[in-house]
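For reference, the structures are reproduced in the following blocks.
Heads up, the next two complexes both have subunit A, just with different partners, subunit B and then subunit C.
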Partner chain A sequence: MSIIVLAIVNGFVLSSMYAIASLGLTLQWGVLKVLNFSHGLFMTWGAYIAYWIIAMLGGNYLIALPSAIIISFFMGFILYNFIIGPLQTRSKTEIVSNVFIGTLAVSIILENIVLIIFGGRYKGISTIIPGFSNIFGAQVSNQQILLIMLGPLCFGFLLYFLSRTRLGMAVRAVAQDNVGAAIVGIDSRKVFAFTVSIGSCLAGLAGVLLGAYYYLSPQMGSAPLITALFVLVLGGMGSVKGTIIASYIIGFIDAFSRFYIGNFWAEPILFVIFILVILFRPQGLYGVK
Partner chain B sequence: MKKKYESKNYAINTTYAVAIIAAIVIIGGIGVYLYYNNLQKPEIEEETDDMRDIKLGMPMGFTGPYAALAEDSRDAMLLAIEEINYAGGILGHKIVPVIEDEENCEAGIVSSVFTKLITREKVDFIMTHFGNPSCSEYDIVQEYKIPYISGGFVQTAELVFNDNPGKYTYVFLGQPSYSLYQTRFPQYVQKLIDDGKYEPINNKFCVIKRQNEYSLYIANGMRDNFLDMGWECTFDELFPEAIVEDWSSILAKIRADPPAIIVNTMWTVSSDALFLEQFLADPTPSLLYLQSTPTFPDWQEIVGDSADGVLHCYGIKKVVSSDPYIIKFKEKYGRSPSPYGLVCYDYVYLMKQAMELAGDPFNYEEVVKAMSKINMPGVMGIYEFDPNSPDGKLLKGGGAKIPFPMFQMWDTTNYMLWPDEVAETDFTIPPWYEEGLIKYGP
Partner chain C sequence: MKLKINIYDFKIQLLIISIMLFLTLLFNDIYVTHLIILCMIYSAVAMNWNIVAGYTGVMHIAQQPFFVAGGYISGILSVKLGYPSIIGIIAAAVIALLFSLVIGAVSLRVKGIYLLLITLAVRLIMLSFVLYFIEWTNGDTGILLPPIEILGVKINQFNAIPSFIFAYFLMMASLILVKVISDSKLGLAFISLRDSEIYAISRGINPYRTKLTAFVLSSWLTGICGAFYGHYLGTIGPWDLGWSLLVTLLASMVLGGLGTLYGPLLGSFVLVFLNEYFRPLQLFRPTIYGLLLISTLILLPNGLISILTKLKSRFHLNFLTKMNIMKSKIESGT
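This part shows the complex of A and B:
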């Protein structure tokens, strides 16, 4: 009984983590149609900002979490205005590859800045909610329970923002028809910049949560980035709804493979799914052909 | 219209032609100038070996997954270089470090870095904490006949030396054979049982390892030794070469059929720290063996005293915090060194002794010959190459040389338990054991 409970809890934890890690990336693709490869490093930065505030300055999560989110927002703003934006205007035909390479370069620079400032050694920050709880006979950490709740919460927030606020509607308008949005007076460049900033915020938040759950290293953002790409492809590039559903599908497949097949096979199984999706449904679950 | 187009096209061609001719004239002119200048220049006395410094190549993975170890290794080497230079150098020659980044230690990168160090930087000696995991750099140093000491991937190196006897005369490993890792812990558990210091709840053990040569070599060897001793393996789980994000699936297996011994050779600070944290939430009455990580300062900092009672074995003698070297390192860099921050310091002195024995730092053949004569006490232990190791390229391990003791961790300090000649304290049942016994005991 407790093993199946653990597998289910684990499925929820992984799904939630994948959702938080990939929502920002999805949003950016949905609006700008570019792949921001520095997304993983924004997670790393979010985690290190929290580490810097909590472990080095003696602060707490009430300061660290908003700080990481705000700093990530401004970093995203800078990223758009200095890298993605100029690349968008200079080349109309190869935007995706140019932005991909540009943001890849940014991620290498950001990783090395972390290495220079904090060194290569692993770092740990205290968990947000310490302790363990017993769920149907299975020991689950409170941090995991928090993660389980935060995934849907982030999704709900993003959905609310996109459907109920004027700014969110502007983002959707630009995502649907850039020219049409311009005709009704929406400045698409501002919307793009804002979207990248919001995506970076989500990456920063994911980084803080991952940092509190695991441990920090300059490379900590690369594994979540790869999973986020899986989620993006399975959910349908740019679909927020698809991202959430894909996160839960991948999370549960991952968790049950680990429990019932073996940890070694969890990743290859995900890769097989990835290949099958590309072959038979390249647009993903909710993407448009 | 057509005429205009042709004319424009013609104009462009002319511009290009003029530019190409101008470039040829300029390059040719520079070539002629340099040639004449060289001919007429009075011959400058070439720098002789008596005048030059010893260039020490230090390729390390500063920007990859081994970055933390690379930093420590570099800083340790620089500390030794500073000391040696301050004391007058080696046979009057100062050491000049030439540092290069091997990134993730991938074969292509390592090969190009080594080639650059040898052909462009003209280094006289190369040393590193890690080369390439498949030892791709061996052929390069051998081809150019540059003495080389590496501190990592010993299990692969042993295979390479065994398969190519006498081929890599310029390559040395600053480590003993890792075969002792395979036997130490099973032997120690048996000794504890024989001495009546430990009564296992059953004769079961489990193995956790990852797709990495080091981890596999030690885990598989240890597993086979336990099996030979009549133990039963409850599971032998392999993980991919990645950070483990959650241990629930493994801990569920452990709690479903608690083994007396848990062997975890993942050898990753974050994965092992998470394992310990999740294991201690609901512990079983098991002894926990972790490979290598308890010796790393970042592990000690992260887990603190929650690691009390964890067992491990490491190919190094105990280095106390009051050791003069540790004090020096901490004073200079503001942190404690990892084990690679110890051995790499020793490697520079190893090179010094070999060069002094050879009598000429630039006679590489003699330096290499002198390596086999070395008997040097270092921070890690006593350095002596073992003629019985594959091709005589590995250090003597065990005994009083590099002792490979069993350690138990208490309050972030590792205490030596065995062999008896180096033991400083007795084995103590880990603090989680009683709690585990109440819930999971027989």
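This part shows the complex of A and C:
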């Protein structure tokens, strides 16, 4: 009994983390129609900023989490203004593949910088909340409970932002129709930059959580990025609601296949599901074809 | 008899490239030769990739799996099953071709970012298969490959000249393949699909079948290149499926110029030699790599080869204006 509870808890934790990791990516795809491959390295950077503040400067999560998010915001701003923006306007051929190559180059640079500053050795940071609690006879750490709650919280926050605030409405307007948004006086470049920054914030947050839950290494962002891409495709590229549902589906498939089939085959199963989804339902659960 | 050299003739261009390559052997330095061989292999793969990504306009990253599959098949056949390495190389071409047929048939049904993501997943599935079937692939350790033997000549890292000649033939074969394809009717179909798919369909081109043809045509030489790469370096392993080889191949294609004949060649040579030039910077080299790639993408969207074409047109312009001035001077009698 307690093993099934553990699997379910693990499923919720994984889903929650996938949701936070992929919400930023889906927002960027929905508005800019480009795929940001440096998203994974933004997670790594978030984790390492938290590590730097906690382990090297002696701070705690109340300082580390906001500063990771704020630094990620400015990094996203720089990313848009110096790389994605120029590529969007300059490139003559397909924008998607150019932004893919450009952001891949950015991720190489960011990984290299992390490697130079912190070295390649695996690192760990202290848990966000210490302690355990007992749920249906299974020991669940408080940090896992926090992670389970953070996913829906981020989703709710993003949904509130997009549907209730003026800035969120501008973001949705640009996502729907760039020219129409320009006619009513929305500066689409500012909205693009803001969207990339918000996406990077979410990546930074996801990075801190990943670092606290697992461990830190310069390559830690690549696996979550791949999973985030799966979630993105399954949910329908650019749909926030689809993303949250898809992240729970993928998270539970991942957790249960790890439990019943084995750790090794969890990833190949996801890859096959991914290819099948792309082939037979490329618009995903909620997307528009 | 007067010898006329037209620099725009393809045969003359091949001759010039061959002479320049073989002149590097005069350095008599095994390290320089090694670098040139790597350049030639990378450029051969990038040129084949360019058929699909540059000429047909279908961006995918399945070229690396074809390349590594070639290396693994040749390695398994020659190490685990004990066949001569020449059979391994032929098998590498065949397997890469079949592999590309399957992947192309599946993935070309979708477009744009979805195709990119499918080929990404193919790469990752291949990685997990390599790590799972340890009795065939040796898992994390990789396969140690014996040298290729043709007529008693051993081809590997320690026999520079035969390896150089083998790599040279691979590169020339790719160059001729790309040239023949881009000059043929099929090549025009590829380019028309890139420039305007709707118009190409209206002219009676089947986009799916044409793209699949491009995919298959670009794969078999890549398989041979992979097999040669494995035998030459003496090892092939899961690290060859990592980002670093992918970025090298992708960068040599993009840096040189997508959809140009000599772009990947120029790109790979610039990349490999800049990489060596920046060796004193040690750890910072990937950063410089990335910055170079980004600045090329933003400042020179048509690749480094566009500098040469610009220079050429400027030279022509200068030449013509000078001729005109001279002509007018002669006509006016001054």
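Miscellaneous remarks
The rule is simple: the second predicted complex is superposed on the first by the 287 of 289 C-alpha atoms of A that agree within 3 Å, B and C clash if a C-alpha of one lies under 4 Å from a C-alpha of the other, contacts with A are read in each partner's own complex, and residues count from 1 in each chain.
Convention: a contact is a pair of C-beta atoms (placed from the backbone, for glycine too) under 8 Å apart; a residue touches a chain by one contact, two chains touch by 3 or more.
Not measured: the values here are computed from a predicted model.
For the composite obtained by superposing both complexes on subunit A, the positions of subunit B and subunit C are in clash.
Of the two partner chains, subunit C is the only one that A:I101 touches; subunit B does not reach it. Legend: residue contacts after superposition of the two complexes on their common chain; A:F74 is shown touching neither subunit B nor subunit C.
Look at A:V233: by the touch rule set out above, it reaches subunit C but stays clear of subunit B.
By the document's definition of touching, of the two partners only subunit C reaches A:P86; subunit B does not. Once the two complexes are laid over each other on the shared chain, residue contacts for A:V13 go to subunit B alone; subunit C is not touched. With both structures placed on the common chain, the touch criterion links A:Y215 to subunit B but leaves subunit C unconnected. By the touch criterion defined above, A:I3 reaches subunit B but does not reach subunit C. When the two structures are aligned on the shared chain, A:F264 is found in touch with subunit B and with subunit C. By the document's definition of touching, both partners, subunit B and subunit C, reach A:N112. Aligning on the C-alpha atoms of chain A brings subunit C into conflict with subunit B at a single listed stretch, 135-143, out of 135-143, 189-197 or 207-215.
Shared contact residues of subunit A with subunit B and subunit C: 111-112, 115, 264, 267. Contacts from subunit C toward subunit A in the complex involve residues 53, 57, 59, 106, 109-110, 112-114, 116-118, 120-122, 124-125, 128-129, 131-132, 243, 247, 250-251, 254, 258, 283-284, 286-287, 289-291, 293-294, 297-298, 301-302. Within the complex formed with subunit B, the subunit A residues making contact are 2-3, 6-7, 9-10, 13-14, 17, 111-112, 115, 119-124, 132, 139, 141, 213-215, 217-220, 223, 255, 258-259, 262-264, 267. If you check the complex, the residues on subunit B that touch subunit A are 62-63, 65-71, 211, 237-240, 242-246, 248-250, 252, 256, 269-270, 273-274, 278, 281-282, 297-299, 301-302.
Those residues of subunit A lying in contact with subunit C across their complex are 35, 83, 86-87, 90-94, 96-98, 100-102, 104-106, 108-109, 111-113, 115-116, 222, 226, 229, 233, 237, 264, 267-268, 271-272, 274-275, 278-279, 282.
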